[in-house]
């Protein structure tokens, strides 16, 4: 485990709204992509540093500014100033340990989401933060790490696929949220396969390593839950915002993405239940096995310990032991021993131990 | 287990409302049945491909279009166009991993249900999706797989049994939902019998296989719950819709079907509790048994190990062991051994181990 | 267990409101008792078959029709027609697997309750259904099985005890519900005594049978809960109905019966907690006992196995074993053995095993 | 345990509001204390039997009638008549198995509370019932058993301490409720100390008796919870009543007592969690210990059983066993045995058993 | 443990609002710091005893009175009188076992918070109480123990950092609450590291001490929860208060601190889940290990016990045992024994015990 939470205490004592870039993590330059489109025109630009964005903001076209990396304080400050964002919004964007949430600032809507990244080789599950700002004719998106989750949306805008070019910024914001939620399904499926293969191991040959893996999966479910449960409220808050920011026609799409979040939550809860069941099964299998081991030990010991005692008796060196001199003692003793052993076996059979 | 969820990630990145037929699953042609009736007239027709449905839609009679199979994109598109369905509705019909839900689209109501199929030989529980669209004078029903769940309703229409021919499309939709919920009772009864026979096994002779079966039953309960819990909200949403789509006279019937869904949920929860109790009982039985095994081992070992030691003593070959030469040593030793053994038995009796 | 739910699937496919008499269960004739009273007059009549009840309905006196047995379809149909009951009400009366509920049909109130019957010899808990219909000046009561639960109410009417003769049908309905809830207390007390005696067994001498009994009690609690939890809603729904059907003066009595249902629910939950605690105690007692058994085995084995080994050494037949010839070997060996044994005992004492 | 609930079934079948004195329990005469005060005057009187109370009721001063013992039906009836109480209120006062509750009867407020009595010697927790009736200028209090819980309040009235003499009956009622809630803290502290000493036992030397005590404490927590959880609703109901019965100035005090009930509930829940943790700790300690016992047994047996076998080999009496005649056999054998034993010990060390 | 709750019973019987200084705990003089500021002026003063504060109260500047230590009754009384606080507020400040809460007294808002202090060496978690009173132009803060939690706020006022000097008393109160919540993150991080190192111990080498530590951590989580859960309501109550006391511009900051409390609660719940998982893992590891121990014992005993019996047989001293005289008996017997031992090993291999 080591760390469930990022350095949360770093900012204790600073005034609210102070931006602290997480510079130690990433010194790569921040990449800014600006896409500007309406039904007819389309323009895409990449910028290393932030330039004056006022013209963009004031154009009637839909402007999407995507920022990969949130560690450069000046980039965030410039953008915040240009689009009139509250200092607390910038702080939440820079501080990547937010809980998913939707906040309504009147002129714009601020949405925080988590994106999951499941490494199938190590089985590690890491989360990244994606923040969205939805304004009247612009969408800002901030990704903690560069990733391809928005590529499909970008393609749809470029190639004018679907209805995205015909609609406004609220639809673009919806499309981005939808892309993030769709990404959960990919992760969930990978985890589902992992769970399935664990279960096969469990039934075929349960080993302590299987137990360890189940525990690790359960741990990951705790993290997943933390990212997934608030999603419902996020989409709800988005939908509740209403016109003029969120148009009536977009609401049916938000309802659809809401259904998807419920499916995601359902899936996480189901995996949790399944993993708990697997843990129980493991423990009862171990218990069963112990029982079997004990029975073997008991059968062997119970049959041979008394016989060994009898053999010990006639191994004693007393001078006056009449049986020792009798001619049929030895075969008779064998007979007695065989009878004792057989009746023991019969006793075990009756107890259903054999 | 292997797969709890159908391929969910397939559509990630596509624009919402894109139809992806699950063609790999079923290449059989889609079967469309059209039933058109009012109190006096009745007409039934089967069609392989979708034909123009506009005349049907505009007739004042009640029209029920049943589609078996949702894998042919063009069939869904044609119907959707004719009845003016939202692309997201068509997507939800085609994508058979929806959660049960009711959605109100103003002109029509969209209902998604799950149907259960319990195979008693393998003990497998599979789910299929049934989607309903209730319009002012039509009902569309889509079944993932062809099945007989609606046969009884069809018969009642054909033979004009009950009040169905006298009432409108909302009653027909109710009758279809009721048929699906009634079908749950059949499945629950089969599962109930399975649980009962498992329990008898458990009391008579608990084996590791019994444990495995209990775990499988618990797993199925997880799936069942997922299908059953949202049902309540589905029927509620249907009832809340109110006139003109859902007439006042139909509400009492919807209340009845609501009661049934509560009974179904109750039954599933009861089975869960019963199965948990059985698991506990199994584990304590195993524990009891282990205890009994241990006691047998301990009694045998505790009686004979000291006696064997004594026999070992007089099996030693020291030249100067005075007891060896005494005449009554041997019978005396037997006496001592019998006394030791009996006092051990008395000790065990006092401890209630015998 | 075998059956938690009555045959629920029998009616699948039939139109709603179809009456299916549970004839296989009971072929005895249905017994109908009619009591008609006001403050001054009182009349009681028993009828085997249903007669025309219109005169009763229209009289201003309070009419109580009690039906023992719900398996004769025609009796229910006649009464339903006479008092204008909805077909679904009749279906719910005949189908005795309803959940307790209150339904408001405008002109009358329909109440379903469960009555418990605890057989102290077998420890079996069975439930029966009681349905009530409260109209402006009549109460219909239907009992699945003939039983004495309403005898006290009948006596109070006959002997004009309390205020019952002075009040209206709503008070009569309250009195019947109160009689059913009071009956729960009788059952709960019997179960409480059973739980108490189980607990004494558990503390004095826990046996596998005790475990079995605890599990059976827990199972019964599952059934009890199913009957008891919805009670609260039933009484609430009754009270919510308000005038003119439920008069203001009756509400304080309904509040009282509501308090009783809360007490019943509390008691059931307490028993559940107590039984869970007993199960835990049983398991830990078994665990403790196993521990004690293991310690005895370990002490005996650990003391004697090394001593037996030493004796075995000097039982070897090597020709050149100098110790064998020494004169003090034998007593010296005894000394060594006693010292080894005593130090073992000291070791166990330090470990607190003795 | 034996009895969790007082005889509840005794009254089944009687009309509501029938008073059944619990005479078998207590035949001592009921003690009635009447305190009548306003800011200037103060009068206290003790009465054995109930006298006419009408003058008291009609005086503008605050009248507090305290009744110790609720088993004399006529006393309750007289008081009830005089102050115009509903028969159900009298029934609830006499029947001391009520759940804590507040009921609003318009003219007066009826409050039921539980008082706890923890006997530190036996560890028994018993509950008594205290009922309060708050009228415009009077407070009636009924205690199941005579007790000193109200002594402090009485002193404050007598000595005109605090603001009690200046305020009205609602403040007096608050003071009585506050006295009862404060009494919980005393009980909780005693239980807390008990829990603390149990925990020390658990860590130093866990014995089966410790387990038994933990289970008894858990049982008592079940009883405590039943008394404590409804308290919140009681105080809430009191506060909600509003003027004229509960004056605005008293509400801040009720809020204070509400906070105390939350603290009491918190404490009970915390003790429950702590006791559950202790149970887990006990079980894992037993499990650990068993493990240790098993390891000792296994080490001893695994070292000596093979050695004993070897000794047994050379104790055989075959005529042709060449080793027996060799001169260095015996010391060599010792060498082999020591090596075997040492390698066993090394094996155990590697397994971390030693 | 010993004490979960501070002496709660001490005040039982006293009139509400009675101040009882916790003098036994701390006899150090109470330290009072007064900071008075507006955008331009700034004044700071330290006082040992309370002086007349009326001038402060009436100045339009923001006045912050911080009191370290709540055990001197007269200091509290003086301040309470000067600022017109309700006696119950003073009682809650002095009695440091309050639950976190916000209470609205019309003119001022009273907030109780808990501050955590985690001692990493002993692993002890202790809580202190911080009470805030927010008036129109003043804030009073009371700390149970002197501590540095407010130092950063004080610095920001002194150095006019951030917006604090420009805003009113509500912002100051927010800043103090924020400082307390930020402090939780510090504690949570320390606990998180502790949990992480415990987990490493658990995986590398689980010892009974690890178990003990996990239990202690779980216990601390119970305390943490008690302090943390009500926080949400506290901040909510603060925000709900609205103007004029809490200005509109402060609400966005309160929302931010609300998000932080949710993060704190999330973290505590996550740690609880993680610790429960660790406990399960510990127990299953112990179970696994026991299983392994048992297998070693069983293998050794099962191989050698029968062989020892055979050796015992030929150690008997019967005069007529033909095998003893045969020439190849001894090597043959070795052969038999080796075969028996090998087949045993094969058996264990098949059972997957080796």
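Quick notes
We just call them A, B, C, D and E in the order they show up, numbering each chain from 1.
By our rule, contacts are C-beta pairs under 8 Å (C-beta built on N, C-alpha and C of every residue); 3 or more make two chains touch, one makes a residue touch a chain.
All values reported here derive from a predicted model rather than from experimental measurement.
Interface of chain A with chain B: the two copies contact each other largely through different residue positions, with under half of all numbers used appearing on both sides. Taking the mean of the C-alpha atoms as each chain's centre, chain B and chain D sit 42 Å apart.
In terms of their C-alpha centroids, the spacing between chain B and chain C amounts to 26 Å. Along chain A, residues 287, 290, 294, 297, 301, 305, 308, 312, 315-317, 321 each make contact with two or more other chains.
All the chains close into one ring, and from chain C toward chain D their sequence is C, D, E, A, B. Of all the residues in chain E, the ones that touch chain D in their complex are 1-5, 7-9, 11-18, 86, 88, 91-92, 97-99, 101, 103, 105, 205, 208, 211-212, 215, 218-219, 222, 226, 279, 282-283, 286-287, 289-290, 292-294, 296-297, 300-301, 304-305, 307-308, 311-312, 314-317, 321, 323-327, 329-330, 333. Here chain C touches chain D in the complex through residues 151-152, 155-156, 161-164, 175, 178-179, 182-183, 185-186, 188-189, 192-193, 195-196, 199-200, 203, 252-253, 255-256, 259, 262-263, 266-267, 270-271, 273-274, 277, 280-281, 284-285, 287-288, 290-291, 294-295, 297-298, 301-302, 305-306, 308-309, 312-313, 315-321, 351-353, going by the rule given at the top.
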